[in-house]
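Note that chain A is present in both complexes that follow, paired respectively with chain B and with chain C.
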Partner chain A sequence: MNAIVFTALWGVIMMIAGAFVRSTTAPRYMGMLGIILVFVVNAMELTSGFSLFTLPTMDMVRSSTFNLTFLAVVFGITFLIFLLNGRDIEKIGKHKFEYFAILFFILCGVSLVSTFNNLLLLFLGIEIMTIPLYILTGSDKRNLVANEAALKYFLLGSFSTGLMLMGIAFLYGSNPVASFYINNMQFGVGALPVLTVIGMLLLLSSMSFKVSVAPFHFWTPDVYDGAPTVVTSFMSSVIKIAGFFAFLRLFENAFGVMHAQWQMLIALLIVATLLVGNITAIFQQSVKRMMAYSSIAQAGFMLFALFAMNDMAREGLVLYSAAYSLASIGVFGVLARMDDITYGGFNGMGKTHPLLALGTTVCLLSLTGIPLTAGFLAKFYMLASAVQTGVYFWLVVVAVLFAAVSAYYYFRVIRAIYFKSPEGNNEGIKVSRSFEWILLLIACLIIALGINPEWLLGWMFI
Partner chain B sequence: MILFTIGVVGVLIRRNAIIVFMCIELMLNSVNLLLVAFSKMHALSPVAKASPTFASDAQVFVFFIMVVAAAEVTVGLALIVMLYRNTHSVDVNFLNRLKY
Partner chain C sequence: MQITTLLFLLLSIMAVGAALMVLFSKNPVHSILWLIVVFFAISGHYLLLNAQFLAVVNIIVYAGAIMVLFLFVVMMMNLNQEDIEPVKNYRLQILGVLSGGVMLLIIVLAVMRLQETQPVQLKVGDAGLITNLGKTLFNNYVLPFEISSVLFLSAIMGAVIIGRREED
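Take a look at the complex of A and B:
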């Protein structure tokens, strides 16, 4: 509750400040201040259950330590993005305060979708999350590629919203108690009415759309590629994990009773996602586009949380969110500072920028899932939760095979970093000393989580 | 339902960004109609009547959909205008620069 109110408030404050403050560095510092504030009030609610506001929400919002921990991860990640790429956010265009304000509004949507208990709030949260994102994607107004990405994202995104609304309407029509509350759907087990099935499938496809799961992934590479790199960094981390969290929350509460009936469907989606993401990523020439496809592949792993849907899967999703976002913002953060975003741009980085190279390498290793990094434990949790369900063991085997495939394209970058000679002096990479240290901090966090995930997961059980 | 189908088909086959956009709006509005119809239907059933907010829920939902649709229109039209300024066309086929 704290987080929802504070993010929205801070967004408004920043917007008003934009009208009066002329300073060019103020937006970045105000953004950081805001995110720290939000993190603190969220942590207060997490540790002591202390809420600053008591609003009559009619039980539409429900928070537990599980989703507050998740929100803490989201705010932490956003803080790191501000720290790492704050200057790049300011460089997108002229309206510096507004970009940060929009980011805060998105965070408000994220807080809504991770605590909703009602389909109305799911819909509103998803919209509050995506509509500002369309603007951010197109914020580079003169760039035709960014325009195209924004329009594509907008048309497909609102199309999937339409599907989601249709699904919600069907669910409302078919459930006997006429309720939008996801914990009070009362579908029962056994053969389902046709309307419920259609509604569930529509919701499944629209949520898959939002998190870019395989048959609905077409927009992802184009949008990730066309958007300004900072925005891509935010999109691939915060938006994606929030989408997954909403996905899990919706299906766990509303359709949890008939889990066995749609488990097969999820299994098929996982295989399709892993296949498309990993195989297409191999053939990319641009690292930014490769990362877009790899984010589809990682979505396949996160989907295991829906497949298994047990305690381990819940812990796994939080850990995976943290691990994946940390690594992803690291790599995209570096890409945002590079002129040449093909593999060639990384050539010889190990010699010219040793610290930067080290940080990037740790991030890439974590994405691959090498032991001692958070990515490994996250993948392990996901697969272990799938094994615990005791069905479809082949799925785990397939996932492990594709994780091995993914090593190919991540290691291609590492090979370029350390084993190729630089062309010239790598002047295309513009980083400051502090940027390198922040990247190393992210790398340390990744390794710390890889050694002891309890530092994060412990918060779920206070 | 028919409106919704027209909307979906329109999004899939038309090539003009503004018409695609209108079709999306059509989808949202068909959902509005459907929600109101379902709410009326539930009002006749005794089980649903027992729930405290039985008929008003869907109708409130409709208002929220309208508001969100309006917000989407502002953003969407702005994007289309931005594209038109740069390319002097609103043809979706124009959008093929982002490939490999």
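Take a look at the complex of A and C:
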């Protein structure tokens, strides 16, 4: 509850500040201050269960150490984005304060979708998360590609929201107690009513759309490619993991009893997503677009949480969220500072910018899942949870194979960094000394999580 | 004859008459204006059924917002030329007959089962009263209600960001 109120409040504060403060660096520092504040109040609720507000929520939001830990990850990631790319957010356009305010509103939506206990709040949370995102995608108004991306995202996103609303209506009509509360749907284990199945499939499609699971992924490459890179960084980390968390929360609580009946469906989605994401990523020429497809491929791994749905999967999802987001903001953060975002742009970075090259390499290794990085343990948790369920063992084999395929396109960047000679002095890469150190901090976090994940997962059990 | 029955008849005649006028007007702008009359008549029906909120929302949303949108489209695309021959498509006619037939089927079925079901009664029932709506909204659904303000605020801000002219 703390996080929901504080993110919304800070968004309003930043919006009003935009009318009075003329300074050009103030938005960045105010944003960081706000995110630290939100992180602290959230940690307070996490450690002591102390909520600053007692609102008549009618049990519509439920906090547990699980979702509060997840929120801590989200706020931590956002803080790192502000730290790394704060200047790039200000550079999107003229409305510096407003961009940060919008980001805080999005965080409010994220807090909602990770604590909701009622389908109405799920809908509101998803909307608060995505509508500001359409705006941020199109905020670079002079750029035709960005405009196209924003329009595409808006039309397809609204359509999938429509599907979600329809699914909610079907669920409301078909559950025996006519309730919006996901912990009180009271579906049995036997044969399902047709309306429930329709509602569930509609919700499955719309949530799959939001987290770009194949075959609902077609918007992802264009939108990720067209949006300003710093927005893509936010989209591929915070929005993606929040979507997955809501996905898991919804299906675990509302449809958990009939897990066995839709497990096969998730398994098929996993295979499709891994196939489409990994194979298409190989053929991309632009690293930004490759990262978009790689985010689809990573979604396939995150889907294992829904497939397995046991304790290990829950821990795995939190770890995967942290590992994937850290690596993703690292790579996108570097891309935001580069003029040439093809593979060629990375040529010889190891010689001209050694620290930057090191940080990027660690991020890419983590995305591939090389041991000692967080990415490896995250993938391990996901696969282990799937093995624990004892069914569909072939799925794990398929996932490992595709993880091997993914090494090809991630290592292609590493090869460009270290084994190609630079053209000129890589003037296209504009980074400051502090940027390099922050990137190294992210790399250190990735390795720390890869060595001792308890450092993060321990929060779930206090 | 009671006053409510009289009102009902009056509003029904108004609604059906205006609906026919929507169909038979040559000028699209006139059609839209007649449609507004239809919506007002239907709002009157809602009032008779004690559904105050529905009546008000019907006027604000349909007669207000959506009709303005229609007018904009008609005027922007300059459709109000009476000499444009409507496209007579064979397939479209079949589809029209089909959808009209389905509608007729529903109405016939509803009329046939009139005795089994409880027909709507005028002036009774309090589900549509604004008092009850307000009580539910501010007791059971106060959290979604308040949080939707964040959604609207961000949408308004987005409209300003996207729409405002930026001078270099």
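Remarks
Keep this in mind: the second predicted complex is superposed on the first by the 462 of 462 C-alpha atoms of A that agree within 3 Å, B and C clash if a C-alpha of one lies under 4 Å from a C-alpha of the other, contacts with A are read in each partner's own complex, and residues count from 1 in each chain.
Simple rule for what comes next: a contact is a pair of C-beta atoms (placed from the backbone, for glycine too) under 8 Å apart; a residue touches a chain by one contact, two chains touch by 3 or more.
A quick note: this is a predicted structure, and the numbers were derived from the prediction, not measured.
Taken together in the superposed arrangement on chain A, chain B and chain C fit without clashing. When the two structures are aligned on the shared chain, A:Leu124 is found in touch with chain B and with chain C. Using the contact criterion defined above for the overlaid structures, shared-chain residue A:Thr57 touches chain C, although it does not reach chain B. A count of residues in chain A touched by chain B and by chain C gives the higher number to B. Vectors from the Cα centre of chain A to those of chain B and chain C enclose 10° in the overlay, to the nearest 10.
Once the two complexes are laid over each other on the shared chain, residue contacts for A:Gly138 go to chain B and to chain C alike. Applying the stated contact rule after C-alpha superposition, one finds that A:Gly11 touches chain C and leaves chain B untouched. Shared-chain residue A:Arg433: touches no atom of chain B or chain C. When the two structures are aligned on the shared chain, A:Gly93 is found in touch with chain C, with no touch to chain B. Of the two partner chains placed by the overlay, only chain B lies in contact with A:Glu148; chain C stays clear of it.
In the superposition on chain A, contact of A:Gly173 is made with chain B only, not with chain C. In the superposition on chain A, A:Phe159 contacts chain B only, with no contact to chain C. Of all C-alpha pairs linking chain B and chain C after the chain A fit, the shortest spans 5 Å. Of the residues of chain A, those at positions 58, 120, 124, 127, 131, 134-135, 138, 141 touch chain B in one of the two structures and chain C in the other. Those residues of chain B that touch chain A in the shared complex are 4, 7-8, 11, 17, 20-21, 24, 27-28, 30-31, 34-35, 38-39, 41-42, 45, 47-48, 50-51, 53-55, 57-58, 60-61, 64-65, 68, 71-72, 75-76, 78-80, 82-83, 86-87, 92, 94-95, 97-98, 100. On the side of chain C, the complex with chain A involves touching residues 139-144, 147-148, 150-151, 153-155, 157-158, 160-162, 166.
Touching chain B in their complex are the following residues of chain A: 58, 120, 123-124, 127, 131, 134-135, 138, 141-142, 144-145, 147-152, 154-155, 158-159, 161-163, 165-166, 168-169, 172-173, 176-180, 221-222, 225-226, 284-285, 289.
Of all residues in chain A, only 4, 8, 11-12, 15, 55-58, 60-61, 93-95, 98, 101-102, 105-106, 108-109, 112, 118, 120-121, 124, 127-128, 131-132, 134-135, 138-139, 141 touch chain C in the complex they form.
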